[in-house]
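Structures incoming, each one as C-alpha cells.
What follows is subunit A paired twice: with subunit B in the first complex and subunit C in the second.
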Partner chain A sequence: MSAISDIGDKTGAALAASVKWAAGIIDPPLRWLQKKAGFNGMAAFFLAPNMLIFGIFILVPMVINFAYSMTGGGALFLPDRVFVGGDQYGRLLTCSDYSRPITCTEDQFWIAVRNTAIFVVVQVGLMIVLALTTALVLNKSLRARSFWRAVFFFPVLLSPVVVGLIWRWILQRQGLLNYILFQFGIEPTVWLTDRFWAFVAAVGVSIWAHMGFYALILLAGLQAIPKDLYEAAEMDGTRPARVFWRITLPLLGPNLLVVLVLALIRAVQIFDEVFVLTGGGPGTSTLFITQYIYEIGFASVLRNPGLAAAASILMGAVLVVLTLIQLGVGRRKDPKEAAK
Partner chain B sequence: MTRVMTFLTRRRGGKGWHWTDIVTWVWLIGGLVIMFGPAVWLVGSSFKTPAGLAEFPPTILPYATEEVTVEGYDEPLPLFEVTLEDGSTAILAEARRIGLVAQMIDPNDPGEPVPVNINDRSPVRELSFEIDNYTEPFVHFDFLQYLYNSVFVTVMATIITLVVNSMAAFALSKYKFTGRNLVMFLILATLMVPLSVILVPLYSVVSALGLFNSLWGVILPTVATPTGVFLLRQYMLTIPDELIDAARMDKASEWQIYWRIILPLTAPALAVLAIFSVVWRWNDFLWPLIVLSRKELYTLQVGLNVYAGELNVQWHFILAMTVVTMIPVVLVFVFLQRFITTGIAGAGLK
Partner chain C sequence: MKKLCAALAIGLLGTTAVQAGDVRVLWYSDGVEGEVLGELLDRFMEEHPDINVILDNVAYTVITEQLPIQLEAGQGPDIARVTDLKSQADHWLDLTPYLEDPEYWRANFGDQADWMRPDGSDAITGFMTQITLTGGFANKTLFDQAGVELPGPDASWDDWMAAASEVAANQQVPMTAALDRSGHRLTGPNISFGANYIGEDGMPAPIGDGVKAFVEKFVGWNNDGVMAQDVWVSAAGTTYRAAAEDFINAQLVYYYSGSWQIPNFAETIGDNFDWVATGSPCGSDACTGMPGGAGLVAVKYTQNPEEVAMVMDYLASEDVVREFSERTLFLPAHKGVIEGGLDYQTDNPLVADALNAFVEASKATAPHALELPGWQWSSAYYGALVNRVSQVIAGELTLDEAYEAMDADIADVVATQSM
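Up next is the complex of A and B:
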C-alpha cells in the first residue's frame, strides 16, 4: 500500500514539476507580449482560448441554427442548402385539428410535444413534492445525516446510460419488480412494452435519478432559515403544521422557485435515460422533443437537418423564457444562485 | 424544527413518538431501499452466470449449483440434496435426467445410479462470483478500447476546461477593458442554450473542422463551459486586488500573477469544477452518440448502449460493464462528496 502511494506521490511530483517547467518556459514570450500590449491588453490574451472555443462551438452554431431552420434538403453544409424561408416552421406547426396530433403534417413532432408537456407537468410536480419531503426529513436532527443525504443523492451522479440499464434490468419480464409483485399475488406485466406503463416508468426513473439534486438545494435553503424563528414559535407553543405553513414554506419560497424552474428546464430536454430505457417506445408513447430532434436530424433515413433545426429553435425559445424567469428569481435572492 | 420537536415530544412525556418521527423513519428506510436497492441489485446480478440470471425466484447474491467431478463421467456433475425413500437425506450428483426422474449417484462411491423424483431434491448451492462477466467483454469485445476512449475524453476535457476557464475567469474578474460586459452577456446568454438546442449546426461545424469521428470532436465543444467561467469568476472576485498590485510592484508578469498567485488561491473552486467536469464528461451520452459512428471510437456510454440495444442482449456482460461504467463516479462520490454537495448547494452546479 505504501509502495503504491509512494509511486503516486512520485508521479504527482514529476507531473507538477513538468507543469511548472512548462509554465516557466512560456513566461518570457508572454513578458514580451505584455510589453507590447500593456496590462489590460493581456486580458485579451487570457480570454482568447476560451472565447475561441466558445465562439466556434457555441456562438457560431447558435447563430447559424436560425439559417439552418430556413433551409431545406439533406445537404450538411449551409452553402449547399436551399433557402425555403419559413417552410420548415410551417410544416412543424400545421395541423388541421390541433387537439389531434395525427392530423398534423409532422405528426411525430406533435406527439413529442404532447408527450413532453405531460411529462414535464407530472414529473416536475411529483419530483418537487418528493424533494421537499426528503429535504424536510433530512433537516430533522438525525444521527448520521450525511449518510442519509448520500442515500438520496447518490443516483444523481450516475450516467443516464447506467440509470436506463439498471431499470431496464429491473423492469424486464423476469425482473425484480415482477418478482416482488408476484409475492403479493399480482400478475407479471412487461412494463416497458405497455404504452401506459412505459410512460410511467420514464417519469419514475427520471425522478429516481434527479430527485436528490433538488432535495440537496432545498436542504441548503432549509438550513439557512434563522433558528430564532423556530425558537420564537416554540415559546408560543405553535403546532408543527402551523410552523411549516407560516415559517418554513414562506422562507423557503425563493429556493422552491429556483428548484421549480431548474426542474422545468431539464424536464423539457429529457432524453438520454428514457432513450436508453425505452428507445421512445413502445410506438411513440415515450417519444420526447429532444429525441424527435435527434431522430429527424441524425438517425432517421429521411434526415432533415432543416426541420430538426426549426424544432430545436422552438424548444430553445421555451428554454430561454424559463431561464429568464430563473435568472430574475435568482438575482433577487442571491447572485450566486444565478450561476446556473 | 429540532427544538420544536424535542419540545413537543417532551410534552408528551418522556420519549414518546410523534407522527412526524414515524414519517421520517418510513421515508428514510423506504429511501434506502428504493435509492440504493437498484444499484445493489445490479452489482449482485453482475456476478451471476446466464443461468443464474434466468433463475426464478431470483437471489440478490450470486449463487451457483455446486459441481463435482465423478469418476467415469467427463463433465462435472451438479450436486443435490436428496430426500431418500427411508426419510434420510444424502448429497448426490445428478448423472442424467429423464422427465421427472433423475439418475443420481453418490460422488464418493460411484456405483449404480439411483432413480430419484426431482421433487424430492434441491440443488446444493454456494456463493460463486462469475468473474468472466467482467473479463470477457474486455478480452473478446471492444470494451477495453471504450474504456480507454472514455478515460481519454474525460481527462483531456477536464484539463482543458480548467485551463481555459480559469484564464477567462481571471480576465473577467481582474481586468477592466471595453467589451467586458459584452463578453459577460454572451456567456450569460449561452447559459440558456443547452447543447441539445444546437445539435444540427454544431454537427456541421464539427464536420467542417474534420472532427467528425474523432475524440476531439467530443472534447472541444464541451470545454468552454459558461458554468465553469462563472463559478471561477465568482470565486476570483473575492481575492483582494491589492495582492495583484503588490505583485506588479515586484515586477511580476501578468502570466506569473495568474499562475503563481491567482490559481493557487482559486484551488477550492478549481477542485469543485474539476470534480464536476469529470462526472459530466464521463457521463456524456447524446453528443458522443452523434459525433462517433465508428465502433473503435465509442466511449463506454455509447458502446454500452449499442450492446444493450442488440437483439440478443447478453445481460450478464451488459450488467458487468454497467458496473464498470459506474465505478469512477461512485469513487468520486465516496471520496469527494463534500465538494459535490457544497458545489450544488452553493452554486447550483449540475
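Up next is the complex of A and C:
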C-alpha cells in the first residue's frame, strides 16, 4: 500500500514539476504582455482565440447570410448575384390576407410560420409540464432510481435521424403500432398521412427525444433546493400542493427559465427528426420554418438562396426577440435584479 | 471574394486535389452499376497504366445538392453521372476536340446530345449511361389469384384503376395503385391527356387542359383511396418519394414508375411473385411514358481533358456499353448496341419480358415527351407540379388555387434564373 502511495506521490511531484517548468517558460512573455496591455488587455488576449473561432464560424457567416438576403437570381456566389435590396423580405412578408396563406406571395413560408408557432406553443408547453413531472418523480426515493433516470435520458443520446426512423417504422402503414392495434381488433390508421395525427406525431416524437435533457436540468434544480425548507413545511403540516406552489416552483424558477429558453429555441429550430419522420407532410401540415429554409435554399428544384437567407434572418430576429423577452421576465422575477 | 467562397466550398465538400493523369469520376448507383463500372475502369487502367481513374461512389443527394455547388465554384470531379443534365449544361466540357472519333459519338448518341448541352450548341459533352422510360408494373400473381384479366396494351388509366381496384378488393391488398412522387412521373400521363408544357416562345406555357384533365383524375383517385396517399402526401415541397418497397412487398397491385426499377425488382422480388411491365396507360391523346435517364458528362473545369476524353471514349465504346447494359439490365442509348441486340445477364424470365415491354412502349412515346428532357424549364414545371398537387391531395388547396400557384411558381423560377 505504501509502495503505491510512493508511486502516486512521485508521479504527482513529476507532473507538478513539469507544469511549473512550462509555466516558467511562458511566464516572462505573459508578464511583458501584461505590462504593455494592462489587466483588461490580458482579458482580451485570453478571449481572442474563442472570439476568432466565433467570428469565423458564426459572425462572418451571419454577415454573409444577410448580404445574400439582399440579393436575387440563380447564381450561387455572392459576387455573381444581383443586388435587390429588401425585395426578398418584401416577397416573404407580402400577403393580401394574413389568415389565408394562399393569398401570400410566399404562401408556404406563412404555412411554415403558422405551423411553427402552433408547434412551439404546444410542444414547449407539454415539454415543460412533462419534464417537470418526470423530474419530480425521479427526485423521489424510487427503487432503481438511476435506472429510471437513464431510461428517460436515453433518447437524448440518439441521433435525430435515428429517432425519426424509429418512429416512422412504428407509425407507418405497416408499422408496429398498427400491428398492435390490429391484434386487438382495432382498425389500423395511416398515422403519417392524416394531417392531425402527423402533427401530433411530430410533437410527440420531439418531446420523447428531448424531454430527458430538460428533466435532468430540472432534477438538478430540485436537488439544489434546501431540504430544511421541506422539513419546516412538513412540521407546519403544509399540504403537498401548497409545498409545490410555494416552495418547489418558486425556487425552481431559474432552472425553469433556462429550460423554457432552450426548449423554445430548439422548438423554433425543429427540423431533423420531423423531416425524417414526415418530410413536412401530409401536404405541408408539418412543414416548419427550418425545413422551408432548407428546401428553398438547397433541396428544391425551385431553389432561391436569397429568399432562404431572408427567411433565416427573419427567424433569427424572432428568436432574439423571444429570448430577450424571456430574459426580461426572468430578471423581473429575480428579487435582486428587480431591486436594481 | 468569389475565390474565397469557392475555396471555402471546396474545403467543406472535401474535394481532393487532382494530380496530373488522375481522372475523378463522381458516380451514384440505383443498383449494381457502381460495381460494374468499377470493374470496367480497372480494365481501362490495366490498358492505360499512366491514367489513374478514381471512382467516387456517392449517394444521389450528393449529385443533386453538392455537385451544383462544386460546379458553381468552378471545381468538381472530372466526370460525373447526372440526371439534371440540361440546366447544368454550361458546366460540361465540349469533348469534341479530344475525342478519337466525334462522328462515332454523333451517330450513336446524337439523339440525346441536346439533353446535355446548352441550347444552340453542337458540343459533345457526354452520353446517356442508361435510357429510362416511365411506365407501369402490375403484380401478375395478384391479378391471377383474383381472376382478373390484365388490361391490354391500349387500356386507359381508368381501365387500369378499375382492374387494380378489383384485385385489391378481392385479395385484400392495402394499396391499389401508386405513382412515384415526382413531376417527371406525372408528366407522362399529363401528356397522354394532351398536356403541353412549352409555349410558342419556348418558355413555359400556362397550366393547360391536358394537365388539368389528368391531375383532376389523379387527385380523385387519391381521395378515393385508389391511389395510395402514402406516396404523394408523405412529404412537403418537391421531395422525391417512390413506392417501390410497397410493390416489392406485394402490398401494391399497380405501380407507375419506370424502367430503372427492373434490376431492383429482379433482385429483390426474385420468385416471390410474378410481375409484369405494362407500358403506360392511355389518356385521351396518347399512351406515352416520359423518357429520361442518367448521363455521364465531362466537367469543363478538369485539368486533364485529354485523359478524361480517353476514359469517356472507352466507356462509350460499343463493347463496353453492351457489357455495362447487359450486366446492369439497363436500356442503352447507343444506337449500334440497340441494333445489335442485347443478351441480358439474368436467369429471370420476367426481366427479359419487362425490358421488351419497355422497348415496345418506347415506340408510343409522344413527340412532346421527347422534347422535355432537352428543355431548360422542365425541372421548374416538375417541381411546381409535385409541390402543388400534393397540397391539393392533402386538402390544403383547391385545384384552381393549385393551378394558379403552379403558374406563379414556374414564373418565379424563370424570373430568378433570368436575373
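Convention: the second predicted complex is superposed on the first by the 260 of 340 C-alpha atoms of A that agree within 3 Å, B and C clash if a C-alpha of one lies under 4 Å from a C-alpha of the other, contacts with A are read in each partner's own complex, and residues count from 1 in each chain.
Note that a contact is a pair of C-beta atoms (placed from the backbone, for glycine too) under 8 Å apart; a residue touches a chain by one contact, two chains touch by 3 or more.
If you're wondering where the values come from, they're calculated on a predicted model, not measured in any experiment.
Asker: So in the superposed three-chain picture, is A:Gln174 touching just subunit B, just subunit C, both, or none of them (first/second/both/neither)?
Answerer: Both subunit B and subunit C are touched by A:Gln174.
Asker: In the superposed arrangement, does A:Gly72 touch subunit B (first), subunit C (second), both or neither?
Answerer: second
Asker: Where does A:Thr193 make contact in the superposed view: on subunit B (first), on subunit C (second), on both, or on neither?
Answerer: After superposing on A, A:Thr193 lies in contact with subunit C but is clear of subunit B.
Asker: Who does A:Gly185 touch here: subunit B (first), subunit C (second), both, or neither?
Answerer: The answer is neither, since A:Gly185 touches no partner chain.
Asker: Just to be sure I read the superposition right, which of the two partners does A:Phe298 touch: subunit B = first, subunit C = second, or both, or neither?
Answerer: After superposition on chain A, A:Phe298 lies in contact with both partners, subunit B and subunit C.
Asker: In the overlay, answer first, second, both or neither for which of subunit B and subunit C A:Gly279 touches.
Answerer: After superposition on chain A, A:Gly279 lies in contact with both partners, subunit B and subunit C.
Asker: Which partner, once the models are overlaid, touches more of subunit A's residues, subunit C or subunit B?
Answerer: Of the two chains, more subunit A residues are contacted by B.
Asker: Overlap of the subunit B and subunit C footprints on subunit A, residue-wise?
Answerer: 76-78, 174, 279, 298.
Asker: What residues on subunit B touch subunit A, complex-wise?
Answerer: Going through subunit B, the ones touching subunit A are 1-8, 18, 20, 23-24, 27-28, 31-32, 34-36, 38-39, 41-42, 45, 54, 56-58, 163-165, 167-168, 170-172, 175-177, 180, 183, 186-188, 190-194, 196-209, 220-221, 223-224, 226-227, 229-231, 234, 248, 253-256, 258-259, 279, 282-283, 285-286, 290, 301, 304-305, 308-309, 315, 318-319, 322, 325-326, 329-330, 332-333, 337, 340-341, 344-350.
Asker: Where on subunit A is subunit B touching in the complex?
Answerer: Against subunit B, subunit A makes touches at 23, 26-27, 30-31, 34, 39-40, 42-47, 49-51, 53-54, 56-62, 64-65, 68, 76-78, 133-134, 137, 139-142, 146, 148-162, 164-170, 174, 176, 179, 208, 212-213, 216-217, 219-220, 227, 230-231, 233-234, 238, 240, 243, 248, 258, 262, 269, 271-272, 276, 279, 290, 293-294, 297-298, 305, 308-309, 312-313, 315-316, 319-320, 323-324, 327, 335-337, 339-340.
Asker: State the interface residues of subunit A toward subunit C in the complex, per the touch definition above.
Answerer: Those in contact with subunit C are residues 72-80, 82, 102, 107-108, 111, 172-174, 190, 192-193, 195, 278-287, 291, 295, 298-302, 304.
Asker: Which residues of subunit C touch subunit A once you look at their complex with the stated criterion?
Answerer: 1-2, 5-6, 64-65, 68-69, 72-73, 174-175, 229-230, 233-239, 241, 249, 251, 379-380, 382-384, 387, 390-391, 393-397, 401, 405, 409, 412-413, 416-417, 419
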